[in-house]
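Heads up, the next two complexes both have chain A, just with different partners, chain B and then chain C.
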Partner chain A sequence: MIDAAINTLLRNASELAEKVKPSVERVNVVAGLPKLVFSRLPGTDRRYTDDGANGPFQARYQVDIFAEKLLEAVEIARRITSPADDTVFGLDGYRGTVASTFIHRVYFTNEHWTVGDTEVDGKQQTIPRYIIELIVEYRELQPPQAP
Partner chain B sequence: MADFVNADAIIGYKKKIEFSDTLMGTYVKLAGTININLPERELGTAETTNDDSPGFHKQYIPALYEPGTVTVSYRYGAPGFAAVETLFQLAAVASTRAAATKFWKVTLPDTTVAAFQGFVTRNNLPLEIEDSPECEFEIQVSGAMTYTDPA
Partner chain C sequence: MIAKVEGLAELRRKLATMGNQKTARKINRKAMRSGTAVMTKGIKNAAPVDEGILKKSIANKVAGRGMNITGIIGSDVAKLKQSAATDKTRPTNIDWLTEFGHVAPDGTFVPPSGRMRATASATLPASERKIVEVIKAELEKEAVR
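Then we have the complex of A and B:
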């Protein structure tokens, strides 16, 4: 559920719609750019009490933005990391319910960029990539479903 | 004392703390507990050393027990914090001061029960910007604590 919520939030904030993909899918990050790939990182905190894992939970994500030009990736990153308010659908400080998940808060912990070589069909191609790390505090409103 | 076997070992998960106005009354459980530290009790000593103490050694007799304090941490939720705050404030009003001392019961996962009387002396709510609040309160134990082994 939290993965689905992050997927929806990133699609809305980045304005990339279906070009946002979870890293569990095979994604071509050379053609059809820009594209955004997100991954769940180790370190999810389930926060147990004597009454069980009743949260709120904390999960970490990495967001990789691939673009033809680095500035384009930076612009998408700015849209995502801008403050959440009534006029801008940024995710910094976002609080709300999406995909049966109540989000207490989203905050960004790190960002950097790289222009690395990627091998495509035996040839090296240079693909700019902007990387963002975020933490989300959340509570599932329904039991998690099997993938 | 019987030999210890691994089957007797426990972890702290699923313990609980409850309180009541009377010993045999209805006990109310505090939800969302994380750590419950039963008191470090101490037996005081009274020195009885005198000029006839043998072998150049000081002498003592047991004095009174210090029952200590119990600390409890729990995940913040408004109803839970309000319940503890109510207990904490009972001593603030003359008409409810006597009711501040409650009967407490801590039940371990193996059903061992520690029972004692006491009143809440501290109730805090730290709010860290990037973490889920974890509250802590303290109970001053008054009198003896009793342990009841698993049934």
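Then we have the complex of A and C:
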């Protein structure tokens, strides 16, 4: 459910809609740019007490933005990492409920970029890529229990 | 990543005010080397293995001067270049490519493993405990001398 929540949040914040994909899907990142691919990184922290998992849980994500030009990727990254207010749907410090998941907080830990040449289909191509790393603290909401 | 270890700040203060600053710097470096070794072992164990080139290449070093030093962990590029010498198509930055993901020759995205970052977070407390242990032991040795 957290993956669905992150997918929705990134779609809204980046304004890329259908071009936002999870990395578990096979995503072609050299055609139909810009594209955004998000990957869940290992190491989700779950906090337990004697009553079970009471959260909040912490998950790490890597977001890769591919665009024709690096500046375009940077612009998308800025939209995502800007603080949420009435005019901009940024994710920095975001708090709210999405896809049955209560997000306590989203924060960005690192960002960097590459403009390396990659051999695709036997031809050298330059693919600008902007990488953002984020941590999300969340709690999955339980469906109402049957009496 | 930030982890607070009880006593580390106090121990570093003791080092900074030691009469013999040459010895203090030596202790500081030795402690950092031990702490970095703990994290390196964890990262090595978590490295994905196909031919084992990446795992073998993971190394560490302590950089910086005086009391401001940093432990660095990553692939030893010289070792990767050795494996690339026989096959020019092999990249020499496989640690980065596996950690952050890369674009495959068919244009699809190969997802990041994130193993290095996850292991670094997990082993950070043990690494810092080791630093404290070494500083304490070395200060005790100096006190007896």
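In this section, the second predicted complex is superposed on the first by the 141 of 147 C-alpha atoms of A that agree within 3 Å, B and C clash if a C-alpha of one lies under 4 Å from a C-alpha of the other, contacts with A are read in each partner's own complex, and residues count from 1 in each chain.
Just so we're on the same page, a contact is a pair of C-beta atoms (placed from the backbone, for glycine too) under 8 Å apart; a residue touches a chain by one contact, two chains touch by 3 or more.
Bear in mind that the values here come from a model prediction, so they are computed numbers and not experimental data.
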Mind checking chain B and chain C on superposed chain A, clash or fit?
fit
Between chain B and chain C, whom does A:Thr49 touch in the aligned arrangement: first, second, both, or neither?
first
With both structures fitted on chain A, tell me whether chain B or chain C touches more of chain A's residues.
C
On the chain A superposition, what angle, as a multiple of 10 degrees, is formed at chain A by the C-alpha centres of chain B and chain C?
60
Using the touch definition from the top, say if A:Val37 reaches chain B (first), chain C (second), both or neither.
second
Quick check for you: in the superposed arrangement, does A:Leu71 touch first (chain B), second (chain C), both or neither?
neither
Classify the contacts of A:Leu141 with the two partner chains as first (chain B alone), second (chain C alone), both, or neither.
neither
Give one of first, second, both or neither to describe whether A:Arg60 is in contact with chain B, with chain C, with both, or with none.
second
Which of chain B and chain C A:Tyr107 touches, first, second, both or neither
first
How far apart, in Å, are the nearest Cα atoms of chain B and chain C after the overlay?
11
What residues of chain C sit close enough to touch chain A in their complex?
100-103, 105-109, 111-115, 117-118, 121-122
In their shared complex, chain A is touched by residues of chain B numbered 12-16, 31-34, 74-75, 130, 132
If we count contacts the way the header does, which residues on chain A are in touch with chain C in the complex?
23-24, 26-31, 37, 39, 41-43, 60, 62, 64, 66, 118-122, 127, 131, 133
Which residues of chain A touch chain B in the complex?
47-51, 54-56, 58, 107, 135, 137
